[in-house]
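In this document, chain identifiers A, B and C correspond to the written order of the chains, with residue numbering beginning at 1 in each.
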């Protein structure tokens, strides 16, 4: 099918030279973030901010309407015993479940993110991916999380990867587009940087690390490289792009380190759910337990926090 | 990359709350005597001096002021201990030194806290770098004690005798380990003087040495200032002098030793060039700049205090550096989030501030980060100078503070020429993705330690020391044994 | 085994198992042999290890080797020092075990003390042998050329027959300090210390699979130690010329390194030196251009 409606390679950045990223240096910078000690008021503030940034996720082959309803219930009622909690940013589900989510979340200010484009592998034709996207948008998704074609990327077919993102973005209309790079399949940090630049130039509103379906999922290392790509793109064009690490962030302490990294790389403007998300499921309860511990001084048990 | 009007803002919104290291478990005596002959003994003339916390200007302790008579006592104790110590089975000497290493590891948090209190460096640095490295040095050299015959083909080795060692205030405990560990491993005995502003961790080390059961007199630790040091250097029964400090004092020491038979090693100042090529991993190179000049308050002899950046990426590098500087936290050394601690003394702060004035007077453009600093104590924000060249004093002189002089270059040869255009030759840094260029650069720079795509990395196995006016001799590694041995034909 | 004297407490007899992958299984074959003291009294039933035990140990040793080699030299040195600390703590136990197996008390004390000090000796080589045996090579072209040592990989080891503790340690320590992992067959006549030493290893931060210790009959197992295709080097201590020849022939199927150590008085100072480390190291040489 023709992509001639879209000005395809107008903004394709020069990817003939792979940008240089030094892995050892990245590891050292990450280690500095991890040695920050976030205590007291700054810890409570961070934990609440993290809650507000969570895309509460279920993406299983075995998902059903019942499962998704439970997830949405949890999104609405994180932990009623604690008042003044922020709500999560979004739920994230498969396109077939978007309708259920929309009904359950009616009247609540929680986004509905849907994966699309033959998630997680992305191994399908463009027309299938477009249909997948349109179905999710029509069902009520306010955000689309697409996957790039990693095979094409690794084979050097950057124009194809670029064109696909442009086409999906067009199919999204006003719906926000997150582009999943699947960093665990890209090999080195150089390639993560390259894929980030490509996705942003193709029109991504957010770049996202992973599908969460393979190991490794999100790491602080790939996230740092992506945040630096976002920063350089912002300097060059003035356009802000958001960031979503997804998968493997189940502990509040780790999420706080991500916030430190975000703050020291991009600064205050990105420190909101509008520009940063955590793709997670069990993270929410760990954050709640930490908040409760801060409030009471007592270490918590998982028995007291609902598992949905 | 276009330089943005789009700015990043780092200083509002979420801030880090204070995260103080708890110090209720540490023990600092109100008064310390001199450690001579295995005991803490009062100085002969009964004089003491204070050591203060440069972050609060509060007194921490009084320590003995060693007079010439005390120096003499210490050297005599070291001499008396030398015979039996050098005649011990080498493996047994090694086991004593292993004990010091292990005990340092066990008491590491206390040592780290005291190092930060006494000297001003952030607890994160003393906890994560200084003290672990110090323990590692003892561990490394302990293992050489009974293996010296493998380090010098064709030579048999003997210890020198009594070593007089004078160390600086920028890495007090680490410098003590760099001096004591190899000296003992090679069968020598030691008289060590810590810097007058940072005596405490050396005195705590004396406690470790006593608790580890080392024979009395093998290590003697005497506190004092310049006069004490001079008395050590000039003492006729010292066989070897080891000094780390400024080039000016190094000159005086070398002159004093002329005509004597004393062996000496000197580890002096530096003004290292940190060179960034256009094909470097820029973000990691910026971190390398920060590592090279801002951590430890720039109180580092091998600091990357001159940045040479290839002109085509200069604007990008400087912008990213300024962004990074805005995220550096200057403050209480005992706060776990502090990146840059207190300047070690009012004298050093005055020196730094005079250079800030000189730099501006000479036409340089100065930029400092905007972070808050506490009211009490000695502080300097991270600072850069642009618009300066080889002729500027801030480019030539060692400032020993968190102050970076930035110049651009166009070609490889120009970078080499500028890097070498200095009387110093301690260290250098090179940032490029191209391997061949790294090795050509390392061949060309006249410095004793060159970091490629990294900076300020130290390891007990890695020799360290300078060319030219940065000193003579090497510390660390196999090469570091040389300083403490007499090599004889077999 | 001793009967309890009247009114005295009955001792609990120790079961000696083998040590594979950080665990203490019995031999999968279920077989045993009896270790007797000089008077013919039973000391213990010793596992008569099988080729399958050896095979399982090899799998563990291979799995552990990559990670062990990636530990920093400093860390490996500290771990070996820790083994010495743990052995020092159990000094009396090991002396008693040697005496039980017929060694004189005085010789047993000396053997245990020397063993501890030997561990410390090799701990100290961890971050130094590279400096002594590597080189930068002054080639005549514009290249930076350097040679470094790398561990050969997995080493099978037939421990000295007549030195149950010191001989064992004198072969294990230099092998693992260089980043290799090993599967060891203990002395047939002096097997107890080897198994107790496995317990010491287990308490010393040595990762599972780095050292695996089997007991059994050398005559049954030697062909597997020598022929297994995933063994990189075989260390063969003591034994006669015919057996040595058989080991060489078996090893040749995949060009293993064969290291023969005989006639060594392990108790002498001359028995400890860094060439024991070098024996299980490869040399890798790397070239890189120098230029702009």
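Operating definition for what follows: a residue touches a chain if its C-beta (ideal position, glycine included) is under 8 Å from a C-beta of that chain, and two chains touch if they have at least 3 such contacts.
Worth saying up front: this structure is predicted, and the values here are computed from it rather than measured.
Novice: Count the C-beta contact pairs for B-C and for A-B, then tell me which is higher.
Specialist: Most contacts of the two pairs: A-B.
Novice: Central chain, going by Cα centroids?
Specialist: Chain nearest the overall C-alpha centroid, as shown: B.
Novice: Most remote chain relative to chain A, going by C-alpha centroids?
Specialist: C
Novice: Quick one: chain A and chain C, Cα centre-to-centre, how many Å?
Specialist: 50
Novice: With chain centres defined as C-alpha means, what is the inter-centre distance between chain B and chain C in Å?
Specialist: 41
Novice: Where the centres are mean C-alpha positions, what is the separation of chain A from chain B, in Å?
Specialist: Centres of chain A and chain B (C-alpha means) sit 44 Å apart.
Novice: Got the chain A residues that touch at least 2 other chains?
Specialist: Answer for chain A, listing residues that touch two or more other chains: there are none.
Novice: For the complex, which residues does chain B have touching chain A?
Specialist: Listed in rising order, the residues are 1-6, 8-19, 124, 128, 279-285, 287-288, 291, 319, 327, 336-337, 433, 453-454.
Novice: Where on chain A is chain B touching in the complex?
Specialist: Interface residues on the chain A side: 20-22, 24-26, 28-29, 35-43, 45-46, 49, 228, 231-232, 234-236, 238, 259, 263-264, 266-269, 271.
Novice: Considering the complex alone, what residue numbers of chain B touch chain C?
Specialist: Against chain C, chain B makes touches at 91, 94-95, 98, 102, 136, 139-140, 142-147, 150-151, 412, 435-437, 439-440, 443, 460-461, 477-478.
Novice: Could you please specify the touching residues of chain C with respect to chain B in the complex?
Specialist: Touching chain B from chain C are residues 73-74, 77-78, 81, 117, 120-121, 123-128, 131-132, 144, 274, 288-292.
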